[in-house]
Amino acid sequence: MYFLAPACFLFALVLVVVSGVIRQFRPSAILLISGCGIIFGCSVSAMLENTWFVNLPYFLPEGSFALQMDAIAAWFLLPMSLLPPILMVYGEGHWGKTNPLLAQRYRLLLGFATASLLIIPVAAHAIFFVLAWELVAIFGFLLIIAGDTSDKARHAGWIYLASSHASVMCLIAAFCLMATANGGGFFATLPVGWAHTGAGKACFLLFTIGFAIKSGISPFHFWLPEAHGIAPCQVAAFSSGLVVKIGLFGFFRLLMWVPDPPLWWAGCILLLGVLSALLGAINSVVQKDYTRFLAFSTVENMGVVAIALSIAFAGKSLNQPVLMALGIAGGLVHVLNHCIIKPLLFLTAGSILRITGSRNLELLGGLAKQQPRLAFSFFLGAVCICGLPPLFGFVGKWIILLGAFEGFTNSGWIWSAIAMSAVIFAGSLSVIAFARTFGIAFLGESRYFRPKKTSIPTLMKRPMLILVLFAVAISILPMILPPTLQPVLNLYDQTNTTMNPFPFFLNIVPIGQLWFLTCLLVFLGAFLWWRVKKTVIRHQPTWDCGYAKNSPRIQYTASSFAQILRDLFSVVLLHKKAPPNTKGVFPAPSQFSTESHDMMLHNGLNPAFRGSAGLLARLRIAQGGLLPIYLLYIVITLLALLAWTLA
Amino acid sequence: MLTAELPFLALLLAHLAVAIFVPPFLFGIIAKVKALVAGRKGPPLIQSYRNIAKLLKKQIVLSMTTTWAFLAGPIALVVTGLGISMVIPMGGTESPFGFSGDMIFVAYLLGMSRFMSVLASLDTGNSFEGLGAARDATWSALAEPALFLGMGAIAFFSGHTSLGPAFFAVGSTWGNASGPFILVLAGWSIVFLVENSRIPFDDPAGHLELAMVHEVMLLDHSGPLRAFAIYGASLKLLVTGTLLVRICLPIKSVWWLDWPAYFGGLALLALFIGLLESVLARMRLIRVPQLLVAAILACTFGFLLLFLEPK
Amino acid sequence: MSINLLLAAVILMNFLLVATGRAVQLVRRVALQGMILGLILLLLHDEWHIHVLLMAGSTVAIKGAVIPWLLAQALSRTKEAKSPTPYVGYTLSLILLAGSTFLAFLLARKLPLQVGMLGTLFIPASLATLFTGFLLLITRRRALLQVVGYLVLENGVFLFSLLLVKNMPLLVETGVLLDLVVGIFIMGIVINHIQQAFDSQDTKRMSDLKE
Amino acid sequence: MSIALIILPLMATPVVWYMKPGMNRARVLPVVGIIHFLFVIASLTGVFQLNPDAWFRLDPLGGWVLFIVSAVFAIVSFYAPAYLALRPDRNFRIFCVSLLGFISMASLVATSRHPGVLWVGMEAMTLMTTPLIYYTYNRRSLEATWKYLMICSVGMALALLGTFFIAYAADLGGMSGPLYFDRIAEIANSFPGQWLKAGFVLLLVGYGTKMGLAPLHTWKPDTYSETPGIVGAVLGAGVTTCAFLALARMLAILNAAGEGEFARDILVVMGLFSMFWAFVFMVRQADLKRLLAYSGVEQAGILAIGLGIGGDAIKATLFLVGAYALVKVSLFLGAGNIHRAFNNRTVPEVSGVINFLPWTGWTFLIGFFASTCCPPFSPFMGMYQLASIAFASGRMWVGGLLLIFLAMIFLVSSKLVLTAVLGDERVFSKEVIYRDSIGTVGPIVVALAIALLVGIWMPQSLSNMLEQATQIVRTP
């Protein structure tokens, strides 16, 4: 029996890869669904204490092909095995008729990317982990530029690929340092006290940089809005929903490896988390392109999970098991929430893009009238991702904030107050951002496009429906979360066996009472809705203060909605206004336009790269083309080496 | 009947009664105070009850561009208001449905009501409502950290993350930590005025749409929707008012003393708002964020003071 | 004693090589230096068994006659008599050569020879000739003179190999000489192509492959 | 009888010389390539016992290098007929003879037991490859040939002087009889230190010029950019690997004599310098072949660092040599195809290769990922081992700099390759004759497949051979 679980895991991986290779859609979809289903089964069984470790040493030239399935890996594998089939069906719906070749290439790349993605949580050897990590980066890149071969798309893809490769290099360095501590590439808990040595510090910094780049935590988030703002929405859903999570998974693994993390580690991760939560939230309020908006919202959510992680790290270093448990539980629930809802939002954005053909929020409006189901799914996604009460997004944020409270009340870690206010402020900003996007895109009247009745193919509607059902199911029964979280908490806290399974969740995180109160409020709302519907309703055009020629463009636009916040945070946001030139007695007709760029990329990295490239260009005269100069180099090297050895 | 604490059922009924009947009365008091200060007789105290009753019987006129979001706005206002009132301890020592971490629930319910009211106002496609929605949402988002840092201070002081026990601890040891709590009170009063769009931030009685913030969001609501909107606003006034009142009231944990004290506090608060509105004029829009930052700083210093002094 | 004399002659010959500007004179002096090398080889070994004789004969023949004949052929085919002025003036290159000879002596102190050979000038001579070869290669602009520079460099290396004639197998010696001849032969062919392509042997023109 | 390996290609040269001009002259190359490759495999796996004769013996180190070079030659020789068919106007007699000469000299270098013979082999290989460079008769390739010839001849002269220094050190150390590598290894510790050090420095500069270490690499970019892809493959993979072998043999002598410490430091410094230098010249590079040249310099740097770190890093380095050779062959042949199709090398003109030459485009992209040490390919495995041993042996800075340079080089070179391969389609002239065909793409796919296979699965016999080869080079 011992060998059954890993065997079917590997078989499932093979299925996923083969599903990509097959040309027709139907068999490949069936294969992918069955493969992911098996993996889902494996992870559920791993949740029920059926963890396994298998090592096939002879496989790789060096190191070994080792797999280890434990509770934390199972938790990440759950969403990672559910989403790919959904995204593949959506991709088929989107490109199936119009561009079958592209659909077939998308399936191929998605199959490979999913297979390499599913390896990472179970990889138990450094080489194998890094191998899968880079494969995901390469296939992610090919997916991003699959849709369109313009220079802009390729540039965005290039930024993604280069930063992922840099993160791989950081990880290799970190794993090598770790190998010096526990001898050999296998993942094992590090010796006590090693974290405080020089190598330990360097290893932590490298791990943090590597994982932060991959999970889009600022200041390394610059690639995320570029890549996800350009990529086709189902690819952005795949990478925002899943690929970004393996960066966070890395942090969870790091938390497990280090028995005694110093406290400044928690401070470091908190700083990164707060930075990316606030930057992500502020930037997302001012975006005009709704796919970039969703990308910045991903950066914000990653920041919130990083804050939860910092609380967990603080808990472990102050050995407060409750604080650590809250941090981990909050982080994991928020990851699950983001894994389900962000793809839903991206798929909805993809459908909007298909209908209106434009990514600019200013041109949209009144979509709720044409696509009521689409509007409802975006609304549901928005409510859930902002953590607003009725849906289960609130449970994640609630546990994180409970952890923050626990941090400064009982554990005396003052910085968790900053964690609390960052989560709250980022949350309220994202409420505005999502209200603005939903309001401008779906409500009111259509600003530029004549509302034409184009229907979305069923293959695109089904995936969104499934995701909506997932969200609603978990929101109705948040009680299923504690039992699934319990094995993970036990994994992290072998030392303290006093924490028996359920009381932790009952007295510290009373989900039952929360659920009861929320149900009451929902019923009250339903009653009031019935009461309003009962009254006689007359319909008239909106009251227009008597202004006769009223055009829909007079409606409040996205940038005007965000104007107060934009001016307030103008120091952080890079915002270029092109003011209309109204000079002269009869000014020519002109236009007012604003352009918002990502501060880190536009002011930070691009000038730095241009400057250094210019600097290096000066060194290129060394290859000046004259043969004597080259021979002079040889003589100089010879003399230098002779002087070094003989003198 | 003279036991120190109300049984659960009595407490629940008390909370429901207060939540349903008291809020319009607060509007009555404010209107009456403003009128008396201006030398007028002013509308009777129960005028807003009559308005709400009349509106409930009228028909609804909906604009063609609106969808379900327009209807959901006012309903969300009422539902979240009632939800918060169930969780916040009014007279007694704890609230009927209090659970650890309900502070967070309160904050996010406020967020939910803000989200739905913004959607409702954007739905009509009228630019004034968008203007009002943008302002209201932005300011209350900026105010939320102040609210939460105050709650953090109370939680830190009392050791509980549930509002009931927290306010009980604050009330029962009334004297010894007054410094930090005065700062928190200052911060919260600014938050209170912003959340309910009272005078320094928005002129409820004003009629120039460009200047309005809260009123303009209810512009197109009619009939029961308008009733719910007005009742929701007053409920929000009550709920945020309770936060302010409970932080200054000592608790004797005897119900027939605490509840009258609570009602007296509310009346006093309404009186104070009325006076404020008849004395001050509306502030310029660009200076509002500065005041909000002041509120956040006040709460932060309150929190730090608490944290640094030995408990 | 007489070996030191000849070695000193080689070092002086280097100065002569650097001083001349005219190609024909340079080729003749290189031939002379090749012959001196053959002579040194003979003097080094008192009993001349077949191995030494063969080596000395082949050295004198190749370095003294065959290669200079090849260079002369290449010279005659080119029309231009006077070679373009080198990058570095003659006086400066003489100074540089003096400096590098001094450097050679400095290095020689670090590398002690066998007990029998301690007094001889073998190391300084070979290193000095090596540096002369480099100097000619770097400063001369004409392709042919660069080949001569390479030849002088080769002489420096060959001068040192004279010490090892006893235990270095014949195969290696002949291999080295053969490679030298083929190398010079190929350089000659390339120079002809340069002559046709650039219709002048000035290598300054050949510098448009750059970064 | 290992001399047979050398004579086999030489026997084919007269056959090729006197054949009437036509395609079957080019077809002789693959035949010789395969026979030579099978012969090497047979001798390595002991099927065909090669008893060592006077000058030539196939030890594991030489065996591994010859295995790589002969594999490279086989791949290139299969590519040659299809490539030469594209230029029917040229009679490629000299071309085929030089290629055959190259492989025979490479076998000589790999099997030689005497440093002098090794030098003769290397010098002959230089002279043999010179006509290959002057393939396209124009001024620029003439200039490239002249530079290649002069710099390499000067380098080899220095290497010769270094060899003589080593021989003289052996003489001083009282070693009688022929100077065989294995005999040197036994009694090396009695050699005088100064001579060995000076000798190694000269040899390092000499063979470093051939291998392409930083300040001495100046001939590489010019030569690779002016020669056809096939010659670049032979030079890049074959000649560099032989130069690496020579350097490894000399380091073995140093290590045996106990003087290895200073040599390893120099190698590490020069390795890091060449990686930095390659990075400097890759910034804003527009020419594909020059980019490959500089990636060759960077890879030579990594090999030097590997030798410099010593210990069991040498096993990783030997593995890396093989991996790099295979990947570089595929890249150069790919670049050759692109050059033939677009009749240009610089990026603005070359773009959208994937739409026009799908096979070449994809293989070039995958080859690029392999050459910048992306997993699952074998260079990644070698590089990872190198980095972990560098960190384990306490050389944190060396490991750190190695990884930083790799990341920066990937960042810079990916900009060019991605624009070239994945850019939007160029509209270009009609008379372009080149199209992807089995002959031109098959060898590239085979090379990449081997690189992928060895990256994922290492046969035990191959690993043992690498282990023995490491024993030869590392300090006893």
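Each chain gets a letter, A, B, C and D, in the order it is written, and its residues are counted from 1.
Throughout what follows, contacts are C-beta pairs under 8 Å (C-beta built on N, C-alpha and C of every residue); 3 or more make two chains touch, one makes a residue touch a chain.
Predicted model, so just to flag it, every value in this text is computed and none were measured.
Trainee: For this structure, which two chains share the highest number of contact pairs?
Mentor: Per chain pair, the contact count peaks at A-B.
Trainee: When the C-alpha atoms of subunit A and subunit B are each averaged to a single point, how far apart are the two points in Å?
Mentor: 36
Trainee: Just the number, please: Cα centre separation of subunit B and subunit C in whole Å.
Mentor: 100
Trainee: How many Å are there between the centre of subunit A and the centre of subunit D, using C-alpha atoms for each centre?
Mentor: The separation of the two C-alpha centroids amounts to 43 Å.
Trainee: Can you give the whole-Å distance between the Cα centres of subunit C and subunit D?
Mentor: Here subunit C and subunit D have centroids separated by 31 Å.
Trainee: Among all residues of subunit A, which ones touch two or more of the remaining chains?
Mentor: 620, 623, 625, 627, 631, 642, 646
Trainee: Where in subunit C do residues touch two or more of the other chains?
Mentor: 107, 110, 134, 137, 146, 203, 206-209, 211
Trainee: Please output the residue numbers of subunit B that touch at least 2 other chains, ranges allowed.
Mentor: Not one residue of subunit B touches more than one other chain, so the list is empty.
Trainee: Which of the chains touch, listed as pairs?
Mentor: Pairs flagged as touching, ordered by label: A-B, A-C, A-D, C-D.
Trainee: Where on subunit C is subunit D touching in the complex?
Mentor: 107, 110-112, 114, 126, 130, 133-134, 137, 143, 146, 150, 153-154, 156-157, 160-161, 163-164, 167-169, 171-172, 175-176, 178-179, 182-183, 186-187, 190, 193-194, 197-198, 203, 206-209, 211
Trainee: Would you tell me which residues of subunit D are touching subunit C in their complex?
Mentor: Spelled out, the residues of subunit D in touch with subunit C are 55, 114, 116-117, 119-120, 123-124, 127, 130, 134, 138-140, 142-147, 149-150, 153-154, 156-157, 160-161, 164-165, 167-168, 171-172, 176-179, 192, 194-195, 198, 221-222, 225-226, 281, 290.
Trainee: Which residues of subunit C touch subunit A in the complex?
Mentor: Going through subunit C, the ones touching subunit A are 87, 103, 107, 110, 134, 137-139, 146, 203-204, 206-211.
Trainee: Which stretch or stretches of subunit D touch subunit A in the complex?
Mentor: My answer: residues 146-147, 150-151, 154-155, 158, 194, 197-198, 200-202, 204-205, 208-209, 215-216, 218-219, 221-222, 262, 266, 280-281, 283-284, 316, 319, 352, 369, 372, 374-376, 378, 380-381, 384-385, 387-388, 390-392, 396, 399-400, 403-404, 406-407, 410-411, 414-415, 418-419, 422-424, 454-458, 460, 463.
Trainee: Mind listing the subunit A positions that touch subunit C in their complex?
Mentor: Checking each residue of subunit A against subunit C gives 620-628, 631-632, 635, 639, 642, 646.
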